[in-house]
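The structures considered in this document are given below.
Shared between the two complexes below is chain A, which has chain B as its partner in the first and chain C in the second.
Let's look at the complex of A and B:
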């Protein structure tokens, strides 16, 4: 994502006072988030963000706004997404930005935007903060995909406002931010109508958009805002979020980058460039948790699970975006399993509290980012670690895990153990809707039930291997060689083959909107993003806006 | 698939007397199909089929054998798949063949081999002809993927025999013929073990293969054949196929290719190279069906539904393989809806008859080939057509359909109509397990129930549009322009974007092994097949066997 050029790393940390592209206002239980993209506010030089088109910088702000709405505004039950401009809703991802981006940048950009749109849907389903889209002008491509992520789409019925997915006819690529999937799988638009719609550059407006199910409601332009506010108020009235709750401030995230070391309060990362490995150590809590929900609210963002989620989330985004050559992430943990379990118990006991719920959902989303990252993931489980409950999910998210059997010579610490907590059995479903344990034991669901009976037990390497929780359990004599060889071997494989292999093996079992988007739609888009018909000298994405016509190799593959 | 070179077209028509690579023997209720690939029997020059590796020619014979086992041998309830060579089971797809093939050829080759493996599974599930694999030597890559398609895998426990998916470490591509998917989704191999297995060039043998679920049974080499025969006899004893049934001969298929016209008895195809369109006209039956199952058996392969399936199947394979520049297939029908309905009624009434069942399943597989073809598909519904029941599926498989409203000036024939039959409601499920009608009305399942009440009715354009069965219904004044513009427009779009778009819009709803293989796994493989890390000068596929080492771009995408 450094785009082949020596550019400064992209920073995902932002706060509302520095927003350039979004205006957020709160009116009681309803928030209004207006997209008002600053034309000269692009993250990189070389393009102008005309017509409310977006680049990664715009989407980083959107992601931040989404997080702050959830944590900072317990009272908000509905969010109206609209445009702050008079004559345009959103023209989608900026084409010149895409045209000048490397393959890796495009793919990673789409992944992040997809995750944010999925989080919009999760906000509605699980945080009871429902997004409603008010379309007040042409809404095309990624603009309409943003609308599709909302629970309700209200469109102005005027001569100017339309919805469109013009990527195929205009750019020779796909609406790759979930558009095709949500069209037929979420909105259940009839497939032949979807086919027609996706080939219409100019899109569809008015009654036909309503009849085809592309929008939910059509109102005169003059009544759009009023209608959106009314629908939002209706939805917000049904939320379980506390009207009188006090929000949590998400203060600027402390991070130091010192050479190849990245450090946060609870997360440290050491990059080994020669081997292409990032060793990520997650620290457990250092103090016991507060006694109850009031204690969590009182602590705010230093509360360990929330601080951890923020730090790990930022690190994943940083590594994905700014360290594309580092192909293997190795997770370690350090700390006390007892303390991790105590925090897990608090989160489980307080699941009815809005803030405890938000923290769990944030951890869930962060763990899901690992699942869809195009990086190999290993876990190393050694003395001093605390792979318990929430942190055990890191090992379960790994492509493989190594656990040291027995003690290490000269190390007085006891042999390492794993520990299951209640949080391993439902708190953190993957994109396929299953827990990592259920995905792991798809062929033997009884194993998951058996493991429930072992919550809180310390499982040593033999027990963990027998339970199927770890891959390899070398002893002290073999450990160093076996781990070293595994890392070196991984580094020698084709990064692309690994990406395809991991994407296939990680998601057995049921498919959902999300797995379809990350598995099927993204894979096709990635393929198209490589094809000369899109990115060659005469490809659709390359010639857009130049006045030239595309020239396609007509062979169907 | 002409591979960029001026090669003779590939012909999918074959018969056992011309097999070069397979030996079929029948012993009562058990068949043995032995792979014995002729090294110098490749379809193209430039590679030798060593170690029982295969190319498209080998797979065309396998497909033919599968069909003939089903139609010619009602008595066979189990098929043992094994190797006819002493020291090797199968080394998978021939790498040099892949290395010298165009992108399009590779993708199309994988599609056809996938369809054949899916048909092996369908034979077990629906024809009650169960395939069992007896692995008698190293079984790697596509060889193991073939084993994975069987219901039971028995492996010799000797020092020589192993199973492996070495594509990622060895070739920088994926096991793309269903291997990754079947590993975790059919056999439910634990994901971390699958990860280890897929990175082991040398594969896994003996007890570990059994413990990990890679095979079902391990026996000494000396007892392999006996054990396979015993298991096959047990399975065959439970089949519902008639022990005393008489098979149907599938005689050589008559086809004429005259310039741009391809003709069979019931199917005609006219290719318009300038527009990139193949107009495919399917003829309805010309005589009424026989009265009962005995009549079907008496007729044999000229029986219209069977003859149609064979002809359409061959045409689809021919167009896919030999006409890659023809991006749009336009289906028409000609004939009597009454007669089509009469045949449909016979097939529905005789569903307990093994041959009627085979014919329905053949039609099902052929229609499924259309769904996964990387071609745009339109249907044109005009006076004289017979889009009824089984033939209506062609219109429902189309990306969009145009139906002429009212009569055509100067045409004395009545306005065209559509007709539903019982066969539209379950006989021909798509790869997602749903009928085309259910997939179409995913958001309104009640519509399918309503349509059941209209079986046998003639639906004119207005009624068909209202019922949601057709996309556009121009009248005589608009028809010519509207259809011409639609064809021209389609021809102008990027073939790649269309492929990705169609693959996404055609399969809403549930996912199955098959949709995962065609949607997710194939899309990733296609992407990897384009990447320099696989096919560039220093890519894994390119340098294989040259003694050179791959050099990879280490950036993860």
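Let's look at the complex of A and C:
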């Protein structure tokens, strides 16, 4: 079985010069990202990435490409996603890889791939960098799910190219990377047709695919690239991204792992294996922000909010993938609330600037990763911390927060406070489309309006508790014991029950495509991944490729 | 934060002086406790000076210092038994052999708090139940014993409150306050356990309560003194030394009534003891039936998942756990449990872990029987042919397997008609109450005792029986 701890830790840090599976080319306002998976380039031994099938390594590169397109290419308004191979678009996630992976690895893999596909949609909606898919060969399972994440799907009408979601008939699992959801919820394919489509192993090609809404456009093979470029140019012409803008480089992320300590410039993580706790300390900015957008561009990737987003993002991915036994993340902050607020003000004021917008969206995606992480999340708010605005979102994302009332005896620092900034009121919506504050006070929308009036105020523990922003406010005398007991208690509960409980409590409010993918599709998929009908000796996933037939336990559950 | 006065007032061996959290919590709680004592403690005697024992330390000389004190000025202290070297390891359950916990493990916080609150709730309850008894004391000696029991129940409340304050943070402080807000017999906020909401209307009931119900306390404390949570274990161990006195008051109290009744029967050669102003043996038997059965309920259901969990997780052991010769894990063991099946009473081998309540109840029953045997010796010595008996464990039960059935004192499952026909014979009724009430007249002359109770063999702390144990000015 493959899992994070048993083998070399998986590193999410990559750059285009080391891509093995993707080819990125830029032509004016249009980028072409071609999937050309190297068969022997699997992340782990034991499988070959045939037919442009992908594993986590392929998807890590895709995620990196997506990030670089957004930060490095302000001029690009459209991205054409296509295959670099002659006869195949993409066969989806590699089945042998899935077959040999542990349950936890599969679940985490699907989570990451889902987040990337969500980010593709977000790029179109919010970064105005619209993805268009050009399907130039059979496109199945995860391949079609990639296409579904794009805003337009153009398919070659060559009698061979088809789209398919064959997971159920072929593998006894689900198209779990948003496929089922996007089919009916985004593309509005009629549910009975979707039912037929999802049980057809060979998929659907040509006119029927168009008629059923599975693709948007059908063109002869010879004209596929031209059409895609044309559509991309049309879309790119409507973007608000600056044609003459200069991108910024995302330089290699500096990270040190020393035993159980992981350190970046602004983020530090100390792992306590005995207790299963990762204490994550986020450092606030140490210098005031630049005066304007030009200053942000001049700084580039060391600009504190961007650097923070990159570091936190990497840490979350690292912990999720490589530290599955560490079930509780405890967020702390250290620094100046005044400075955090100053950065927040700059970001808020400069949202007309493409880079400031990208940075906010990156922070939004990173915070959303916390929301869907299968880890308990606590925030500890103590003297010297800077839970203000953007960093306060960490506390609002937490399952519970502890705020030390007053100061510590013998500590000359002022009593603990936290602070709201305007970034708490719309900059970072969750998967449900609401801000964390709105989700928190779902039944009392007026409370959020009241809180707007308190932007910039230092709220002490009593005020924060009164405002409903923190869970428990022990004073110096109680603090150590309350926190210790809370951590120990958490560690004693079933990790599965906690994951289910937390995921259910975090997303009050409306359903969205994303909440359905994470809350419904993923949950069912993760259940199926545990069932003998998929992973038993005669299960669909197990016998795939062996020539044997699956044998199912016919009882409906 | 707190003046020296506070520390003077609260004798302790828990390093109170340096414990900011505890001082802060007690600062808030202590005035509320005092108010509770004034409101619901012994009625009519708040300004009276009584010759009471106070624990000022846990050593041989310190745990029993006698002097006159007004009860509201009593120095309720906080004491843990000194640590014993062989108790540093947990003796049972999954954690057997591991070091005992000096702090509450977060994992067991909720359960431990519930155990402590349930135990703590009984302590002030009995003070409330007994608050009117001072007015009808059969002697100054007995009055003093009542007050001693009361202040020590108060101290036991302090002991549990100490644990809540010292180890359970804000939740603990809230629970400690709630211990003063629930009241015995209160319709809206009753005490947690049924037996502690029953009135103690007369001195026979008081002695019976001290014998039977305080003995439940002994067994609960004895199980908790095995706990893997070291502060709880040591607190309970010290409480047991005081609990022994309460049971002494109960056993000798009933014994002295039995003595007096037997004397009246022998002297008058008559069974009509009531004509002689005594308490007849059948009335005593009915009170045994009542208090014993109500106390048996306190041990909980015969088959209990909670009890099994407490044991496996190292929170609550068995009575004399360390003296038992087995694996102290009980995963495979069985234990015979007497149960009701349909209308038959049967004994079945059940998983020992789930039968821990019943096992503790068995230990308790054997202990009760020894006391009853001693009472019967008194009767026999007077040449009277009568034997007091513990009723069958299924008699008059409200909790567990027998709660659904009617069981006679001799252990037959009976119908409603037979029950109703015999109820007055088996359990105290209105006529008993009325008669006992008529006997309850205060005796305040030193060395004198009410007609229905014999004098004790000796006084308290080497003092004579007619010593001025309470200054009734």
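Here is the rule we go by: the second predicted complex is superposed on the first by the 553 of 557 C-alpha atoms of A that agree within 3 Å, B and C clash if a C-alpha of one lies under 4 Å from a C-alpha of the other, contacts with A are read in each partner's own complex, and residues count from 1 in each chain.
Assume a residue touches a chain if its C-beta (ideal position, glycine included) is under 8 Å from a C-beta of that chain, and two chains touch if they have at least 3 such contacts.
A quick note: this is a predicted structure, and the numbers were derived from the prediction, not measured.
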Please work out whether A:557 is in contact with chain B alone, chain C alone, both, or neither, and reply first, second, both or neither. first
Thinking of the overlay built on chain A, is A:181 touched by chain B (first), by chain C (second), by both, or by neither? first
Between chain B and chain C, whom does A:474 touch in the aligned arrangement: first, second, both, or neither? second
A:487 contacts which: chain B (first), chain C (second), both, neither? second
On chain A, which partner touches more residues: chain B or chain C? B
What is the contact status of A:53 with respect to chain B (first) and chain C (second): first, second, both, or neither? neither
Partner chain in contact with A:94 - chain B first, chain C second, else both or neither: neither
Chain B/chain C common contact set on chain A: 472, 489-490
Per the contact definition, I'd like the list of chain B residues that touch chain A in the complex. 103-104, 107-108, 167-169, 171-174, 180-181, 183-185, 187-196, 198-199, 213, 276, 324-327, 374-375, 398-401, 439-444, 468, 470-472, 489-490, 493-506, 508-511, 516, 519-521, 523-528, 530-531, 533-534, 539-540, 550, 552-557
What part of chain A is in contact with chain C in the complex they form? 409, 472, 474, 477-478, 481-482, 484-492
Residues of chain C touching chain A in the complex: 20-21, 24, 103-110, 167, 169-170
